[in-house]
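Just passing along the structure, written as structure tokens.
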Amino acid sequence: MNEADIRTVLQEELGNIAPEMDLQKLDPAADLREALDIDSMDFLNFIIAVHHRLGVDIPELDYPELVTLDGAATYLKSKLGASKS
Amino acid sequence: MTAPAAMIELTYRDAIREAIRDVLRRDKNVFLMGEDVGRYGGCYAVTKGLLAEFGPERIRDTPLSESGFTGAGIGAAMAGMRPIVELMTVNFSLLALDQILNTAATVRHMSGNQFGVPLVIRMATGAGRQLAAQHSHSLEGWYAHIPGIKVLAPATVEDARGMLWTALQDPDPVLIFENVMLYNMTGRLAADAGAVDIDKAVVRRTGRDISLITYGGSLWKTLEAAAALAAEDVDAEVIDLRSLRPIDDATIMTSVRKTRRAVIVDEGWRSGSLSAEICTRIIEQAFWELDVPIGRVCSEEVPIPYPRHLEIAAIPQVPKIVAAAKIALGRA
Amino acid sequence: MTAVTDKPRLSRAHALDLLKQMIRIRRFEDKCAELYTQEKIRGFLHLYDGEEAVAVGVIPVLEQRDRIVATYREHGQALVRGVPMTAALAEMYGKQQGCSRGRGGSMHLFDRATNFYGGNAIVGGGLPLSIGLALADHMRGDDIVTACFFGEGAVAEGEFHESLNLAALWGLPVLFVCENNLYAMGTALAISESETDIQRKAACYRIASEAVDGMDVVAIEAAARHAVRAVRESGKPYFLECRTYRLRAHSMFDAQLYRDKAEVEAWRHKEPIVRFKGWLEANHMIHPDDLARIEAEIEAEIAEAVAFAEGGTWEPVEQLTRFAYADEAA
Amino acid sequence: MVEFRMPSLGADMEAGTLVEWLVKPGDQVKRGDVVAVVETQKGAIEIEVFETGRIEQILVDLNSKVPVGTPLARIRTELERKAGVALAPAAPPASVAEAPPGVLPAAPRPSRPASMAPPIATLPSVAGRARVSPAARRLAETHGVDLATVTGSGPSGAIVRADVERRLTAAPASAEKKRPTGLNLDAMRTAIAAAMARSKREIPHYYLEHQVDVTSCEQWLTRTNALRPPGGRLLMAALAAKSVAVAARRFTLFNGFYHDDKYEPASAVHLGIAIAIRGGGLAAPALHDVDQMPLDELMTRMRDLVQRMRAGRIRSSEMSNSTITVSSLGERGVDALHGVIYPPQVALIGFGKVVARPWVIDGAIGPRSIVTITLAADHRVSDGHAGALFLAEIGKLLQEPEKL
């Protein structure tokens, strides 16, 4: 699973959380919670969806690494890369 | 391109008589044995006239000894004859069930393939003539449970005419169930119509929305239900099983994968019926294609009563089939 | 008319009653045939014409507590035993006022009050049942006789052999009454039995047996008295073969290709009502107004039965599955 | 005059061919006489007559196949001849009321008793969980479609494959603008306006505030979640909701309805969860019996509620009968919120955001996580004193999160 696929999954899940937001205009470095007006419940649902689709475990301590699109992509790539060595 | 054969019109009863006459003429080892098949001309007049044509040796009236003469048919088959045993109705076949199960169906396997039983047993089945509980059973499902025999349910004039010869060529026992409500039915048949296969189901009506799976006497009620559904722009597919053992899974699954909805129409009682077996096979082989639970229209779990209006309520009818289909279509 | 030693002197009243019982059955069966052609009675209908003497000769000899098992040709037995003609006809209409709640029809008349354990549509099906009833009485030491009626066709069934053997082996109080009417549906006795002297078969099971002229109601009554007393006193089975003849077809839809008309005509002159009436007239035991009275009483009873059946109601469909099992509330 | 008709001789005999007349007009016949021969599939059968009289007229010529019941001849019966009068032809034996069973008489139409309805699974869907067909479930899985965003068109609202297919074609993964389907925000706005206006008009609100140390809650959450996969993790919102419900159980003046000038305490605690809908709008669907609901279930239900509310998929059954409401504006909200009570309820609890504040414990100052809990209550029903005790109870419960 390459980075492009990961970004597609992230885009789709964020689309489910904030259907009315235009994700194309989302600044990949912006804090998702601010940019998409997401609260802790939304963010947990997002983490659960990503975990379910990519089969990657994301401990609470790592949450800060996933608050931006870029951060989340690199974090997940390293996690997936590691698991699929 | 040879000219198509002329089409003749005849009853289901006539078609069976023609089939019997045909096999008797073509194979001298073939003979017919059963209660009142000769002088009386057959309880349902199927064998009328055959005694005069083939004589008492090959059209044998028997005493009322179902276990006895069925066993005799098995023995004669093992010794090289090709008997057709008529058990009049499935209700009386219960007295011969031991011979059918413990000898006919079992001896090839049990004797290490030394002996086979190339026997055909014909019997009428089904309710609808107000003959009350002891004369109205539909037990094809019981027999379809037994390994070692084949079970057929001809529903059309073509199958009534064509299955017997193929069944007689089979080295193992074949049971043919003729629904009593079909004998008077007239149909069209090519004048030179001959043998047909006995192991494939047939799609009698193609459709996209739902698969109606049935056999024997219930086929015509199911086709009528399909017509009624068509009037409400539901496109129902109707499958005639023709063979109840073996069951033609391929045809069933192809249909269910297309329509994703299935209703099975079976005149047997619901619990442990043939419809239960077909339901399970669909779940085993096409579970992920299903959109709704499989529907079933069976007889009510009650001895078939004599009064007409109760008998009608007890066995599958067109309105019940339409209702079950609508539930499956979410239009109940 | 055979002179049988222990035949009681035949009182006039008793003679008239025997005649009336037989005519009553004949007229009832006649009305059933008519109602069948009008589609009031459906399914199968097997009529008793010509065999009336058997029921009328045997059944009145039994006690109220005795038990009766019959076949699908059981209208005569039911009427003589006391099943009301109204309830019997309503049953053939399929009305819920019928003696089996309308669910059985002509072949399945049941009546607990008179210990009438029904018609049975399976040939030979009643034989093992009668063994069981007698076994229960035998085990409880009750002085009860079970009479089992069956046709000579049933003799070819395995259950015939199994039942007679058990009755003899366990010494059970069963009166086997074989109504040998010479035809099992379309198969004559000669082409269905190697040994056509049916009562001789009982000897193989050491069961006392006797053949009697099925067309002579007095002879049958005498034989029945003797047989029932023997069963009651010895507790052992007895086999009574009544040689009779079926005047009508096996059932309504039978072209009778298996016998010729001359044979049937010949038996019409020997049938039990013609013979007994002739004998009574010859012995001046009956006057024309007796006959008129009998016919009028019977006609009235039949008219009442038809009205009762016509007025009966259909069982509601909602009751369809009731009594497949005993009611929980029962 | 009586009609002699083609008799029915068998349940499966529909017609017969008259092949021989044994009588001719003028002949005398009596009941039981054989008068004709009819050919059927069973062969030739002699037909008897059941009337006594004289044959008047033959109605059917030979070798014609006629259905059962067709009049074959007319007979002038015995009675007529004596009386010399022509009786009206007797009505067919079956009077109209009692039609022959062949035609269903006025008997009850064989309606299908309930017990005989084909018992297709028409069971009510499992409370809350939408029913999804296997085919739909598999398609959704392979394409990563969130079934919560699909509306079912199958039996009793079940989701079938076609629904998922529509969802796939209708909403490609690209992030083009999507309105919450099936929700009319303008209509919702007017409804909220009406409710709020009525609340302010009728309910004399009073407000109380209470600051609570939730540090032990945070620590308990971190310890618990570390052991669990994302799907099983808990949030502060669940602890908050549970504490309010448990407290409301004891403080009955804040958990009930005010109707026609009198207050009815509720027998159960149905907690309204106020949730902002994306793109505007607000809803406060109820979760039933939250005071007795295990924390894990409460969390799952709240997550499910938020997911569906956000997408505008609200079930009417969820919108009614809350007995008390709790509202929170989340981490980026404000310190404290003073809400407006939803009529006919009598109380609303607000949770501000959790902030780190200097806090005195055993005389020493240290950083603690503090949240401001507010109460808006109906003064017709309760007073400040009771309100304060209620808030204090909530704060006390939040000190032992493991017991919630």
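Just so it is clear, A, B, C and D label the chains in written order, and each chain counts residues from 1 on its own.
Rule of thumb we're sticking to: a contact is a pair of C-beta atoms (placed from the backbone, for glycine too) under 8 Å apart; a residue touches a chain by one contact, two chains touch by 3 or more.
Every value quoted in this text rests on a predicted model; they were computed, and no experiment measured them.
Novice: Comparing chain centres built from Cα atoms against the global Cα centre, which chain wins on proximity?
Specialist: Given all protein C-alpha atoms shown, the central chain works out to be B.
Novice: Quick check: more C-beta contact pairs at C-D or at B-C?
Specialist: Between C-D and B-C, the larger count of C-beta pairs in contact belongs to B-C.
Novice: Taking each chain's centre as the mean position of its Cα atoms, how many Å separate chain C from chain D?
Specialist: About 60 Å, centre to centre.
Novice: As a quick test, compute the distance in whole Å between the mean CA positions of chain B and chain C.
Specialist: Here the centre of chain C sits 37 Å away from the centre of chain B.
Novice: Determine the centre-to-centre distance between chain A and chain C, using the mean Cα coordinates as centres, and give it in whole Å.
Specialist: From the centre of chain A to the centre of chain C is 89 Å.
Novice: What positions in chain A touch 2 or more of the other chains?
Specialist: none
Novice: Touching two or more other chains, which residues of chain D qualify?
Specialist: 11-12, 42-43, 101-102, 107-108, 110, 112, 116
Novice: Enumerate the residues of chain B that touch no fewer than two other chains.
Specialist: 41, 129-131, 300, 307-310, 313
Novice: All pairs of touching chains, please: list them by chain label.
Specialist: A-D, B-C, B-D, C-D
Novice: Taking the complex as given, what residues does chain D use to touch chain A?
Specialist: 144, 146, 149, 173-180, 222, 225-226, 229-231, 233, 235-237, 278-279, 302-303, 306-307, 310-311, 330-332
Novice: Okay, in this complex, where on chain A does chain D touch?
Specialist: 8-9, 11-12, 14-24, 26, 33-34, 37, 39-42, 44-45, 47-49, 51-53, 57-61
Novice: Name, in rising order, each residue of chain D that touches chain B in their complex.
Specialist: 11-12, 14, 41-43, 101-102, 104, 107-108, 110, 112, 116-118, 120-122, 133-136, 138, 153-156, 158, 160-162
Novice: Which residues, counting only chain B, touch chain D once they are in their complex?
Specialist: Touch residues, chain B against chain D: 13, 41, 44-45, 48, 129-131, 180, 183-184, 260, 287-293, 295-297, 300, 307-310, 312-313, 319-320, 323-324, 327-330, 332.
Novice: Within the complex, which stretch of chain C touches chain D?
Specialist: The contact residues of chain C facing chain D are 30, 33-34, 36-40, 42-44, 93-94, 249, 252-255, 257, 310, 313-314, 316-318, 320-321.
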